[in-house]
Structures are given as C-alpha cells and as structure tokens.
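The chains carry the letters A, B, C, D and E, assigned in the order they are written, with residues numbered from 1 in each.
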Amino acid sequence: MAGNESSLLTVRDVDVRFAKARTLADIVLRRPAAAVHAVASASLELRPRETLGLVGESGSGKTTLGRAILQLHPVAGGEIRYRGRSVHDPMPDWQRRLRREMQMVFQDPYSSLNPRLTVTQTLGEVLRFHRIVPDAGVAAEVARLLDVVGLPRSMADRLPRAMSGGQRQRVGLARALAVRPTLLVLDEPVAALDVSIQAQILNLLSDLRAEFGLAMLFVAHDLSVVRHVSDRVAVMYRGRLVELGTREEIFLRPAHPYTRMLLAAVPQIVARKRVRPVQAATDMNAAVVGGCPFAPRCPQAVDRCREQVPATAVLSETHSAACHFAAT
Amino acid sequence: MSQATEPLLRVRDLEIAFKVRGGEVLANRGVSLDVAAGETLGLVGESGSGKSVLCRAILRLLPSPPARTKRGRVLFDGTDLVTLPEARLREIRGTDIAMVFQNPMTSLSPVWPIGDQVTEGLRIHRGMNRIEARERGIALLQSIGIPEAARRYDDHPWQWSGGMLQRAVIAMAMACSPRLLLADEPTTALDVTIQEQILALLTDLQARSGMAMVLVSHDIGVVAETCDRIAVMYAGMLVETGPAAEVFGRPRHPYTLGLMRSSPRMDEHAERLQPIPGQPPDLAKLAAGCPFVDRCAFAREDCRHAPVALREVAQGHASACLFPEAVR
Amino acid sequence: MSTNDGLGFKASVAVRSLAVCAAGALLLSACSKEEPKAPQGGAEPKAAAPAGPKRGGTFVFARPEEPATLDPFVPNDNGSIYAIEQVCDSLVEPDTTGEGLRPGVAESWEISEDKLTYTFKLRDTKFSNGDPVTAEDVLFSLKKASADSAPLGFLYAPIKSIEAVDPKTVKMTLKQAYTPVLSALSAYSAAVVSKKAYEAGADAFGQKPVCTGPFVVEEYSRGTRVVLAKNPDYWEKGKDGQSIPYVDKVEMRYVADSNARVLGLKNGDFDAIAIVPFNQAESLKSMPEVKLEEAPIFRLDYVYLNHKAKPLDKKELRLAMNLAADREAIMKVVFFGYGKIPNSYMPRVNFHSDAVEMIPYDLEKAKEMVKASGYKGQPIKLMVDTGNAPSKQVATILQQGWTEAGMKVEIVEFDVGTAFDMTTKGNFMAYVSYITSDINDTDELATLQADVRGSTKAFFSNYRNDEVGKMLDAARKEPDAGKRAELYAKVQDVVYHDGYSVPLNFSPSLNAYHSYVDGWQTAKNGWWWLKDVIRNK
Amino acid sequence: MWVFRFVGLRLVQAVPVLLGISLVAFLAIHLVPGDPVRIMLQGRASDAAVAEIYARLGMDRPLLVQYARFVGRAVTGDLGTSIIQRAPVATIVGERLVPSSFLLVYATLLSVLIAVPLAVWAAARRNRLADHLIRLGGTVSFAMPSFWIGLILILGFGLTLKWFPIAGFGRGFGGHLHHLFLPALTIALFLAPLLIQSLRAAMLDAMTAEHVEVARAKGLSESRILFKYVLRAASIPVVTILAVNIGWLVSGSVIVESVFSVAGLGMLLVHAVSTRDYPVIQGLTLVFAVMVIGTNLLADLAYALIDKRVRAE
Amino acid sequence: MTTTTLAPSALRAEVARWSPSLWIGIGLLAFIVLAGLFAPWLTPYDPLRQDYGAALRAPDAAHWFGTDSLGRDLFTRSLYAIRTDLVIGFWTTYVPMLIGVLLGAYAGLKGGWFDAVLMRVIDTALAFPFLVLIIVILAILGPGTQNIYIAVFLVGWTMYARLARAEMLVESGKDYILAARTLGFPTARILLRHALPNVINSSIVFSMSDFVLNILLVSGLSFLGLGVPAPTPEWGAMVAEGKDFMQQAWWISTLPGLMIVLTGVALALLGDGLTHRLGDRHVTGH
C-alpha cells in the first residue's frame, strides 16, 4: 500500500455501530444503547485524484462507511484522517475546511434535493454560506455550475419535482461541486437511474474527475459500474472489508470467494442463455457468531472458516483479501 | 407443450389508457406479442415504458378507473381475457396464469403466516383443506429451496429475508402449476447474488414444469442471460422483438442499440460509455411518428411523421424502426 | 335564582325555627312561617275525602339535588339535608307548616324557671333496626351534633351539659338563657341516631342511617336515586288515626336537568318534581292534571355591592345602579313574573315593612346621580357564577341599564367556589347572588346584613352607617313590638335608600305535582313533609 | 406467554406517565383559589375548626409530603376521602365509573357499527356519489358540537317523539341501553366520521398495497380480499383512531354527561371542581389517566393480535 | 433501486385527485369570514341591545333566527359571534401549532435526551384527558378568553409536536438533510430553512380539523359557562342560553349551533382539500 504522505484520506480500523434508540430509562441509568455492528474495523486509503470503488450488497456497510467519513455517523472506534489530520478534530476552522473539501452525492435523486427550493436557491445557499464567491457573483457562479454538470440554464428556477431523475442528480452534483471540493463521496449515484441516463451521469463524472482532479469514493452495488469508474476497488461483506485491490486485481484476479461470487452473478449482455446452479436459500437475516461472516454462503468453506475470523492476507502491494485461502 | 405455431398467449393491438387530470395517457400503444408454451419472453425497457402495465393488463389487474383497455385482445389459449367475465377470469388467475411481483417485502401481507398465503390458491382453486394444503405447501417451499420448510411454514413475512420471501412468492405463484408465469421485475429489489439464485430457480422451475414465462426487467443483462426471446418496449410501444441472440447480436432498433451501449460492460473496459442523449418522452405529449426520434442518432425527417409499427426484419425478428438497416 | 345552580349565601346565625338551607353548589331554600299558598290550578281540598285518605303506593319524586351522604353529622347541602329530614327525627321537630315546634323523639319536655335546665322525656319508640331509643343514644347524638366539625356545631355552644337521668329521660343544662335552643335541637344535625349502629361504622351509617324518622332507607344509589320505605313503627298518626306515612315507598330520583324533570312529570314518570324553572312554569300551569306550587320562601335575589371597592364607595353611584336597574324587565324575562319586586335589602321576614318607598326605574335620574358621584369611567366588574344562566341574564340586563346611565360594566364569571372565596375575602365589586334566611327574624338578619361590626362586615358589603348601628342597638333593647317594628322599618328604609345593594326579587320556590297527589307541602324550611303525602292513584 | 410480557412491559412504561399526571394534577389543584372546607362550611366555621379539619385530612403538611402520601395510598387503591361527600374517593368514583364506561363502550360500539359499513362502501365507491355523500355527511357530523347535537336529539327524539329518555342512566341492562342511546349516539356522531375517514383512507391504502395485487393475481375474490387482506390491514389505523380519541372522548363525556344528566365521571368532575373537592379531583384525574392508558394498552394488544411483528418488539 | 410501476401510483393519484372540497371549503369560509367582518352592514340590529318586548320571538322576516329571552336578535348575534369564535379558534390553533411544530421538529432532528424527555411529556399530556385539564386550568385561572388561550396553549401543542416529530424522523433521514449537514449548515438553519417547510404539511392539514375541534372546544367551554364572558356573542354560549328554553323556543339553541356546524364544515372541507393538495405533492413528489 502507498505511504501515508501520498494519502488524502486514511481510514484506520473504523467501527460504526447502529444504536437502537435509547429509552429514557437507558439515559437515566446511563446504559449504553444496544448496538448493531454496521462497519467492523475497516481500513482503507484514498490518494489524490484517485477513484476508489466500494462495492457490496445491501447491508454490507458500504454506505455507512461513506457517511462515517463525512461525519454523518459517529464512529465507535478507529480513526479517519484527512490530509493526515483527524476529521473529528473539533477545531471550527478545520471543520469548516472539511465541509468545503469533502462533499457527498446521494443515491436517491428524489430525496436528495429540498423539494421546496429551486435549483438557484439550493446552489446559491451553498455559495453564500461558504462565501465561495461574493454575493454579487452568485448568479454567475450558479450558471457556471449548471454548465459544468450539463444542465441547461433554463433549469435554474425549477423546483425538483419539475425535473427528471437524471437532472436532479446533476443538481446534486452541482451542489457538491459548489464548494470546490477535493474529495467526493458518491453514494450509489446512478443506482436509481435508468440505464440510458446512468451512462450520461457516469460520463459526466469521469469528465469532472479529469477537469477538477477530484478524488472519489464511489459506493455502489453494481460491479459493472464500479469497474467502469474505479482505479481501485474495495469489497465489503457484512460490515467487513473482504478484499481490496486495483481494478485489474479485483476483476481479473479476485482472491476472495465472495468477490468471485459477486463477479459471477453479474448479468452480461451476451446473446446466450446462462445455466445457473440452483441453490437453497440462505437466510441473510441470520446472525453469524464467530468465524468468517461469509462462511455460511461460501462454497469453499471448511470448519476453520466457521471458527476463526480470517486475517487480511496481503497478496501484493495493492491487493489484500480477508480469507484463509486467499494466498493459495 | 403445445406447438410453437399456436402460441399460448397472444396479445393483439392492446391499448391501455390511464385517466389523468385533464385527459388520458396511453400507457400501452397497440402492443402485440406472442408467447409460446414453454418459452421465456424477456420484456425489457426503462421505467415508464409500459412493461409493468402490459403484464398487469394481461391479467386485468389494473384498477379501473383510472386504467381502461381501449382496444385490443389478450388471447390465452384462445380465450379473450379482455372480455372474460370477472368470475371466469378469477379461475384463470393463479391457476393458468400466475404472477410474481417486484418487491417480495410487500408482496405478502404482513399479518398472515407465509405458508397460509403460499397455499391460499390451493385452497381456493383446488378445494384443498388446510391440512392437505399445508402438506403441499411445505413440499412447495422445500422444492424452491427453503430449508426447514415445515418449521418455517408459520413464520410471518418480517421474519424472512428478501431472497427467501421472493422464493415464497414464487412458490405461491407455482402452487397451482400455472401454464404461464408473469414475472414483473422479480429480482430488481434483490442483491446480485440473490438475483442469481432467483433467476436460477425460475429457469429451473420453468424447465421442469414446461410453463411459459414472461420475464420483465429493466436490466438487459438479466433478460439476455435468461430469455429465449426478447421484446423491447419504449414509450408504451414494442420497438423490437426477436430471439435473444438476434436482438442483442444485431439490434435493429436504435433504442435497443442505445441501451446496450449505455451499459457498462464487465468483459471490456471503455473509457466512455455511449449514453442515449436526452430524456424519455412525456407519455402525455407524444406526437405522431417515432417516439424515439428526439434521442435517435439515425433519425431522419420521415421519422417524425410516418406511423411506426413492428415490421419483420429477419425471421422472427421485428423492429419498429423505419430504417432498421441503418442501425449499427 | 330560578334553577338549581349557584351557591347562595345564608344567614343562619342564631336560630329560632331552624333549618339549614343550601350549601355546596346547590340550591337554596328557605324557612318561612307563612302558610304556603294554595296550590294553583285549584285542587279539591283534601279534608273532603270521606273514605279517609288512600294509603300505599310508591311516590316517585324528582329533585335536582342528590344527597352527598345520609349521615346527619356531616352534610350542609340540601340534597342531603332534605333526605335526612325524611329519615331521622330529632328530639324536637319543626311542625308541619314549619311555624313552630312539635315533639319529636322527645315526647315532652320541661323548662326550668331560670330557663337554664331542659328535661326531655323520651318517646317509647324504636330505631329502624328494632332497638329501643335510650338516653345513651341521645347523649351520643348530641355530642356528635355539637362537635366543632359538625355542620351546625356552633348552634350548641350555649349548652353546658347533657346527662341521662334514666334510660328515658335526658337533662340539658345551658350556660345562660338561650331561647332558640329548642329550634337548634330540631335541626337535622341534631338527629337522634342509634349509637350502636353509628359506632359500627360511620360510612355504612351514611349509606343507611339507623334513626327513628317516618321513613327507612331502602336503597341509596349515588348519582341516581334514594328509595325510602315507610317506617312501620313511626309514632305519628295520620288523619285516619293510623300511623303514617301514607305511602309505602318514596323514590327520590336525582334529575339535575330541569327539562328532564318537567318532561318526566308530564310523562307521568314522576308524581312530583322539585324546583321548576321559572321559564317552564307557564307550560305546566296550562296542564290541568298538574298543579304548580308557588311557595314563598325567605329569599332575596340581589346584587351584592362592596362599598369598599371604588367607585362603589359613593352612595350616588350605588343609587344610580338601583335607579338604572330594570327590575320589571328582570321580573318578566328571568322570573317570568314569579316573586315580588323588593323594597328592602333583606328577605321578607317578620318586621318587614311594605311602606318603604321603592326606588323607581329612572334612567334620567340615574344619569344625574352618576355625574354627581364623580364617576370617572372605572369599569364596574359584575361577577356571576359560572354556568348560572339566569344570573347571567340578570347581569346582562343590568349591564344594559347601567351602561345607559353612563357606567362601564364588565361581566366576569367565576365558578362558585372562586366567587364564594372572593366574596368572603372582600375581593369583589358587585356580585349577582342571593341570600336566604334560616330565620324569620329581622333582628338577626338586619344586624347581619347592615351592621359592619359583625363578623361578616355587614355581609361582605362593608356598609357603614353609624346611625343604623344605633337604631339596631335600640331596637334590640326595645321591648315594645310596635316600636320595634317602627325602628326596623326605619332601618329598612335607610339602608335600602343608602344603596346598600341592588335588590332584585323576593323569589319563591316553584314545585309541581300531579293532581292525584294530596298533602304535598313545601315547608318554609325548604323541604317537603313526604310523610304527609297521599297518592290517590 | 407473550401477552403477559407485553402487558407487563406496557404497565411498567405507564408508571412514569401516571406519576407525571398525578403530580401535575396534584400541584395544579393546589393552585386553585378557593377553600373546600370553608365552602363546605359556608364560611361559618372558625379558623381553628378549619385548621383542625385540614390537620385531620393531612392537608397542613408540605405539598410534596402530601403528594407522597397520596401516591403511597393510591398504590393500595386508596384514593383518599372526599372532603365534601365524606366518602372514600374510590367508592364515589367507582359508582360513577359504571355509567361513564357503559356510555363510552356503548358509544364506541355504536360508532364502529355506523362507521365500518359506510367506510367500506365509500372506499368501494371511491370518488363516486355515494363516497362523496358519505364523506360530506361525515364532515357535517364531525363539525356538530356534541352539546348542540345532544340538545337537538333531546328535542327530536326525547321531547317531541318521546322515543328515548333524555336524562339519567336507567335501570338494568336494557334500561341503560335505552337511556344512554341518545348520549351514545351523540358521541358516536363525533367519532364515526373520524373512523370513516381513517378507515376509508386506510382501505384505499391497503387496496393499493402490492400484496393485495398479489392476492388478486392469485384469483381471490374481491370479498375475500376485502375481508382477509384489506380490512385486516386497515383495522390498525382504526384501532389507533379509537385509542387516540379515547382521551378526547373521556373528557368529551363531561359535556355529553352534563347535557344528558348522566351521573358519570364527567358530572362528578364538574361538581368536584366547583366545590374544590381536591381528593376527588385528584382521584378522578388518575382514573381518567388510567382509562386512557388502559385503552391504549388494549389498542396495543389489538395491534399485536393483528400484526404479530409488534409482539416481537 | 426503484422502478416506478405505474399501476399503484396511478391509483393513488386517482384517489388523491383534485377534489372540489378545497374550493368549496375556501368559498364557504370566505363567505363566513366576510359575513363576520361586515356584520354591522348586514343587519339592522345591535348584538347587545335588549328588547324585552320582543323576547322569545320565533324566526320570521324581521328576525331570521328569532330572538332570545332578552329580545336580542339571534341572527345578529350569530353574525357577530363569527368574529369571536374564529379569532379564538385561530389563536388556539396556530399558536400551539407554532410551538408544537418547532419543538417536535427539533426533537425529531436532534434526538437524544431532548427527544426522550419531550416524548415523555407528550405521552403524559396525551394521557391527560384534554378537556379535564382545561377545566382544571380554567378553574385555576377563572373563565375568560385570555385564560382559554393559556389553557389551550399549555396542552394544544402536543399533537403538533408528535406529528412534526414523526414527520421529522422520516424527513431527517432524507438525503437533502444529510446534504445540508455535509455542507456544514448549522442546526437552526437546517431546521428552519430545510426541514420545517417539508414537515409542516401534515400539521397544516391537521390544523384544519384542530381548528374545528377548537371551535367546538371553545363553544363547549362556553356551554359549560367557562368560556367567553357574557354578553359577548358566542355560539356555544348562545346554545347554552337556549338550553332552558328548548321546549318553548327551539330556535335559540338550534340556529346558532348551525353556525358552528357550518363553520366546522367549511374548515373540514378545506382540510380535506389540503390533504389532497399537500399530500399529493408531498408523497409522490412529481
């Protein structure tokens, strides 16, 4: 792995727990709330101008990790550093800087925009609040942002409900870009879009990356999309990072059986019917106690897998996997 | 299995209108298609293309008002379902034609045990009593890969994971051994590995029972890998039909081609995708001529005015494009 | 006021013919020595019945109050008191008309020369549980009655001691001569109860008292009804020489809603109802099968004025309020003509003078008086009890007149508890209320209402007129009845024309019954002697 | 048994609510001007006598001590003694509880009887004439003040037609039914529109639920779908409406009881407030709160019966 | 991944279709408000002027609603009462709404101890029979308009707080609130500018029926004698005044009561219409 000095964002052994709501009695008795592990000791790095794809199925903790980086979830353990400094450092200047340098793009274009604000209002508020441009220049900056994300300026006074999903997603991007960030966390930015629109947004993203030199954490469940946009890929399963590597390593030489299973399951536009093996259902709701979390579904699992949590095996400078058999 | 010359389901010139404020919107515009016994038809298109409406219209599940069948016939084994009395239609629903829906979490009533819901059709249509139905139900659940089916028969939907629930929904559909299964986006709400399992299960069931299946999906990968024949819908119309290999090997409609080029591929890496420009048309404002004209790279002046209809471009392969040969 | 709500003030200071009228939030009654007016609608006189009075039957009777308890040593409310009167006798009892006294549990009594010793001979009668009445029970009862916490305990303060001479004789010694003592002993709270039964449990006793009265409690359902059965051992004999009560049972229903009472009477659900609202009287009068009783009682409806509260300290303004009070309108609209417009500041008791000149309704003069008083437009807060519709009507009518005379009037409502509190603390200006008297005695009442030296500060008015004080002192010492009458007439005249208050009506009590009912009589004390009721049906 | 655990848990949760209510009621009551003993004695008692009575009632202690004693006794079912009526509050309240709860249950049943068929009809004929008429009728009915419609019913069915008594509780079960019909109808006319509205909306919601579409695709008849899927799912909001409104009903009964002279808790409250009978007011508040909490518990139980997921939580 | 299926949403749209109730409600309410405003020009009588000669007149051409026992014209009083009741109804609805929505929305956004304590307070308040509480409060403070305000303010906010909190819990999970947080906006700004306008709809809809309930409450209190002091014209008080005259003068109670019903219907229709309006926009979002 690359050294710290070149790293923009460092996530080290981060734990995130979802607390069940504390009752009044809990608060009075100073009892901690019951918790569910959403992310368990995840570690990764992001270098400037790099796109890291974070894939996994629903409930894998990928979204949570992305949000934890932006302090939208409290972190229960480990640390997150941005440019070598903890993001939880409460200095107001630092926090303000973080808010400008790290931005997020959300999945659902329907809920990510305030339904009562027009495009100009949404963007103008950000510009004014962070004093990106002088007040007099706000209108021009809004127009510039619209151009950047490929929206006609006639959209400026529309409310979200008068726009299509793709257009809204562009507004969401513009909002994130308004503060001129260095790092973008994109949480399933194209999952809710039809494929024809999805391609438009993906192209826009790669343009923006090239133009502004953005680093991106690209959270998605769709492997083909991740493959398309990422330099490196991290795979999560049930709160744990199970494999990390370059695009080629993950897609051509997957080391973890889960990654392999994922890759195998991706439907291809091939003009032939595929024969798939019929399997019994696995109960995804069932809790895993001890051992590799993937063991219940793993075709290669042996007793050891069910008893011992696998350590992360380093396969190359850029490639690691959390499987007992990764190295073999 | 009947002969391919006499299709099990023939939809002819079906036109479905929805009443909206100030008028009507056509959600299906003269759809005609055939499904032969034992074959799998993939119905693909983006949201709003009318594929779900078509599925429901076949079983007359659309609420009326606002939906209305303006024109056309739905012949199932020679019987026109459009004009069939409600009581007769109910005998066909669930016995001859069954349906699987998109969201397994909401497809089952939360207040009744899963087993009861799975076997309800048996009790209604086959006159089984509770004990017989239970026995058969447990066998059904087992056959679709639910472990410990006897114990889990009385579970409630919230106790199962999405993948298991979708299996239950499929079991419910299969209970009376239908001759045609309409599967409306059966895997959209599921993770890719679970999608794989469900598609495997559907394919397997179909092979074993010899039923015909209409698989609706927005994911061309899914239909490409699963279906014998493909029907592509756009703006309420069928724009291309044909054998899967033909349609995806040599698409004869620019929309089909656009869909394929918009999708990121797993097998090759392209720096840029080729999205379909623009937005899908507003169904309420469709003019005469080809609905795809505004987004089409091959459009000519004629496309705006000339009526479009499916025309055979090769054996069993039809396109609604005026200039199918130009598409490449 | 006409209906059943509102806490009235009572002047029960010392007693001659004593009955306690209302308490709580419930209605007032009074105690009159006058013959009740003949029932209107003309019934046959009962004396004419040749075959003797009909006996038996159940007399169903609806009233707006319910008893809170039947324990005689507890309540102050008419709901309880009137019911207890039917069940428990005291040593001495008010007579049928309420005019005088008659023997009760005591068959007879002797009064010593110095008027300090009373010796009662107990009647040979039984409690409703069958035990004979003994001196011990009487001692026990009177001890309870004179306790500080008893409702009328203060009445018995002059009693020095009571002792049992023998099981059937009781001797009472007074600290000083105290004429009203016999009246005091006739009060409901001096009822003779069975010591054994009471000591067995006061709560149970409150449900089913064990006494010697004409009726025995058969059922007491809170919130609905009390059923009384005839006490077969009651000592009193009726017109036919046999023991009364005439009816076998009385069912006293608690029906708070006046419409429901009237409807029930019309339907025949009830044989009689107490407290007919004035506005419903006409409709009952027109029914031949129903008789309406208009019983004059010692009651004056008036507006209390607090002379200490500016600007009411000015006599001119108080007179202006009187001059601008459209009493005719109030009589017509609120009282529907029942009652009499008063020329006095106190209820119509024995030394009442008709000669005192009435203050007329004269808006012009009122305007002059307002000006003369130097009134500066301070708002006059006219207080009424929450939910008392007739009071509110009165206030509204007064407000109009007073406003026309140049005053500024605000009507303020307080629930009776608060209003009572504010009045007794002198924290009010004007209050639409009334007074009822337990006594037919101008002396006590005049002093209570008009003498600021009393404990109630001239009945909360803070009225001060030294000349009146002197006259009252003189009248009290004056042995000659004629001269006393003259003095009291003078007091009535002076106080009334000082604008002591704004008197509104000598209002009567209206009750109604079916014409097959005989012997119905509202006593001056407010209750009805159900033992004398005959149900000819 | 889940029922015991379920009920037990809710009861434990109810404790702080009850404590809160009783404390607020207790403190509030003592802010009210007016002195019950003096009112009772009509101002005739000496200060010493009044003080003696207060001492005997324990009302001379600091308020919090009094409150602690009140709570301590209330736990054992002893709500104290009425100052005015000199009877145990529990007894007095107990006697009044019967007509009040009879009325509430009667009114609730009546409104369900009125509302369910109308709501089903309205939902089935949505946006057609019958639906509009039912909803308009509901709107009008909802907007009618209970004291007003009560008087109208008295005028019409009581005074004019003489079909029903206009006051009182009656004797025997039949008598209660007869006497309380008009008051129960008065309450039902307020409650039924709420039920109709929510049941109709819930049914329309349930009708568009995917599982209903699934059921239809299974070939189930509309009536089976209606009863097995739609009504069952729609009954949850109905239970909620009933539970939420019970607090309103319990207090709304004050007005209805006063219009129809039903000697229930409402009338008792009005009387107790006007005579400043603190123990009765306190006790009543507690009883009202217990009724509300109890109803909510019943509603929760009903949820648990309808939807087993609730049990698991 | 959501793919919109036309069928169910179309049905919902159809159910929530434009309904005439909004406009009928607005029209009716406007009519009532105007009648209240222009009362002095609509009737020749003085609402307070008593005319004992004309007492208890049945409705006729001169007195459309008849007269009461003091000879006041009931139509006139009913018109003037519009002012009293609507003004009280307005304040008793919207002040608690303001308090409740702010508290509830804040609790829903922030959670934690504030939320826990607030919910307990609300639970307690809701378990308290509303009218009982108000009667007790009015007993403390005495009747009168001002004290009705205080009493209703003390308890009326709870429903709004609950509604706003529930809405806020849904809304605060939405991405635009998260986006506002990632942009570093302060809580007050997120609450007031972003969240509140989007959580207030259900409160606005509820406020319509609450308005009706408050008018019923105020007139009910007046009926019990705890409300507006005499002789101010007020519908509930007028109904109460007529109660003793039910048998000989039915109109005193009946006709002013109809005014309450009419106003209630207007507000309820308005609320119904708003439900469709706001609900539609709110839920489907396109």
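Quick note on the criterion: contacts are C-beta pairs under 8 Å (C-beta built on N, C-alpha and C of every residue); 3 or more make two chains touch, one makes a residue touch a chain.
Keep in mind that what you see is a predicted model, and the values were worked out from it rather than measured.
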| item | value |
| --- | --- |
| Contact distance in steps, from chain A to chain D | 2 |
| Chain labels contacting chain B and also chain E | A, D |
| Most widely separated chain from chain B, with each centre as the mean of CA atoms | C |
| Between chain C and chain B, distance of the C-alpha-averaged centres to the nearest whole Å | 90 |
| Distance from chain E to chain C - Cα centre to Cα centre, in angstrom | 46 |
| For chain D paired with chain E, centre-to-centre distance based on mean C-alpha positions, whole Å | 21 |
| Cα-centroid distance, chain C relative to chain D, in whole angstrom | 39 |
| Residue list for chain B, restricted to those that touch at least two other chains | 47, 56, 61, 63, 102, 218 |
| Multi-chain contact residues (two or more partners), chain E | 1, 7, 11, 14, 17, 120, 139, 224, 240, 243, 246-247 |
| Residue list for chain C, restricted to those that touch at least two other chains | 259, 386, 415, 417-418 |
| Residues on chain D engaged by chain B in the complex (per definition of touch) | 207-221, 224, 228-229, 232-233, 306-309, 312 |
| Chain E - residues contacting chain A, complex | 1-2, 111, 113, 116-117, 119-120, 174-176, 178-185, 189, 193-194, 197-198, 281, 285-286 |
| Chain A residues within the chain B interface of the complex | 57-58, 164, 166-167, 194-200, 202-203, 206, 221-225, 227-228, 251, 261-285, 297 |
| Chain C-facing residues of chain D, complex | 32-36, 38-46, 48-49, 52-53, 56, 84-88, 92, 95-96, 99, 154, 158-159, 162, 165-169, 260-261, 263-264, 267-268, 271, 273-276 |
| Chain B residues within the chain D interface of the complex | 56, 59, 61, 63, 90-95, 98-99, 101-103, 106-112, 120-121, 124-125, 156, 158, 169, 172-173 |
